[in-house]
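Next come two complexes, and both contain chain A; in the first it sits with chain B, in the second with chain C.
== the complex of A and B ==
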């Protein structure tokens, strides 16, 4: 074998090994959720959950009925329904990832969090995220799904830009009810 | 020689050809039978208007109609169902049946008394109670979107009869 053939073959093998390493999925890729990326106003339809985010608001005070609380709040108004089955279908997962931290929707107000979803008949309501005081700007990711364990199920995903949302002094959460169409 | 080797080992090759799939079959049957025990996997389809014997009882006929309800939101309607149950010597116990679309995506709805804000009614039976020995009927309401037109199946399962369950066809 000529010398240059050996070098070329060796180089090609190293390049091939690098390519294989580069395209190898991560360790947990086999159990990744199935993301459905949407924007505000667009309906994201997953396996058994369909979510339409209607609006996002920031506020210093959030009110839900007679309940209210001060804080660094992000309120998301949304419509949600089940797609194929009502068995154990609750909107259990609502998270906001920002700054490398994950905030779950607050359990303090009555909200669409953990609401039972009906097949084909959407419910409207809000979920509220109480962020840490130092989270004031930047881009984050909203995720909605049926289970707090997101593995191998659909997750509806939206980008959220805190800088684009004006901070209001107080906002009301939408009551949880059937959507008016 | 390949032919010679094959001929010398013909018996063992034939044995392997039988035993290998048999092993797969036995292991699979064993695993699946365990899964089947606790799950409704074997439907007994009952045609509209007919009845069948299930878990020692006579179940059916099931009838359904579309009804209106002030608590039903716009874009939806109620499927009201009655299922006749005649317990045999031993009473039948079953969970509240669910409603399934027989076509399309086979969507499934739960009984909707709660969604329809019904008050508790002691005379309204939504599940087969082991304390009932006389004939009675289940009264079930399902809230479905307007695009769900049927025919539907009422899926009724009794724990002691699993994995067999009933699919009572109704055409409102």
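== the complex of A and C ==
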């Protein structure tokens, strides 16, 4: 074998090994959720959940009926419906990843969190996230789904930019009801 | 006389003769001695046979905060009360409610649910309750039962036990052990991360107030 053939072959093998290492999926890739990326006003349709985020607001005080609480709140108004089946279909997963931390939608106010979803008739309402006081800027990711265990199911994903949202002194959450749009 | 070597058999033998020669030189008789010496040296390096120091347990003053990788906990108040349905605990005849008010901040990066047998309740152990989980966990401000503790958001949380009416008395000093937990990452058939394995890390005490029917 000529000398240059050996070097070329060796180089090609090293490059091929690097490429294989680069494209190898992560350890948990086989059970990753299926993300459906949308923007505000756009409907994300997954396996059995369809979510439309209508608005995002920030507030120092959140009110829902007679309940209210102060804090660093992000309120997300949304519509949600089931796609295939209503059996046990609850909007259980609503999280906000920001600043290296994951916040889950607060169960303190009455909200669309854990609401039962119907096929073809959207429910409308809000979910509220209570953030740490030091989280007041930056970008985050909102995720909505049916199960707190996100593996192998659809997750509706949105970007959220806290800098683009003005902090209001008080906001009211939308009551959970049938959508009238 | 050695017969002339047969090609087919003697070639492997001569090729591996050096293995035999090398292994004959290994001082197998010394193995026991070398092993014993290595064991003794290793034992001495790790502190010999003296008792290993246990985990440091700090004594917190009244209102002192204990902070670990999971929670920052301050024990604020302990009360004995006839009944406390708002805290989610229901008593039978001959029972009263022991309620412990704590201020807790989740310092991890994921929300942590605080339900009766959760990592939060395993982080506290009250002397005289024999390690029993509380019957209810509720937020103090809006009575949300089994609340989720969001990262970096402190909250006042009530842990409530239904106890025998005579088991605790007014002005009794309630000694509380605060535990540190270890973060466990599931693998193979398990999935996710959870806090487990409580180890005592701090002690504190609070005076029990008997507030009768409430107030």
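Keep this in mind: the second predicted complex is superposed on the first by the 181 of 181 C-alpha atoms of A that agree within 3 Å, B and C clash if a C-alpha of one lies under 4 Å from a C-alpha of the other, contacts with A are read in each partner's own complex, and residues count from 1 in each chain.
Note that in this section a residue touches a chain if its C-beta (ideal position, glycine included) is under 8 Å from a C-beta of that chain, and two chains touch if they have at least 3 such contacts.
What you see is a predicted model; the values in this text were computed from it and never measured.
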- Who touches more of chain A, chain B or chain C? C
- Message: After the superposition on A, what does A:18 contact: first (chain B), second (chain C), both or neither?
- Response: neither
- Message: Looking at A:121 after the superposition, I want to know if it touches chain B, chain C, both of them or none. Which is it: first, second, both, neither?
- Response: first
- Task: Examine A:102 and indicate which partner it touches, taking first as chain B and second as chain C; both and neither are also allowed.
- Result: second
- Query: Can A:34 be said to touch chain B (first), chain C (second), both, or neither?
  - Reply: neither
- Does chain B (first) or chain C (second) touch A:151, or do both, or does neither? second
- chain B and chain C contact sites that coincide on chain A, given as residue numbers: none
- Message: Looking at the complex, which residues from chain A come into contact with chain B?
- Response: 83-87, 116, 118-121, 178-181
- In the complex, chain B residues that touch chain A: 73-76, 98, 105-110, 115, 143-145, 147-148
- Give every residue of chain C touching chain A within the complex, in rising order. 109-111, 139, 141-142, 144, 147-148, 150-153, 191-192
- Task: Using the touch definition up top, name the residues of chain A that touch chain C in the complex.
- Result: 31, 67, 69, 71, 100-104, 106-108, 129-135, 149, 151
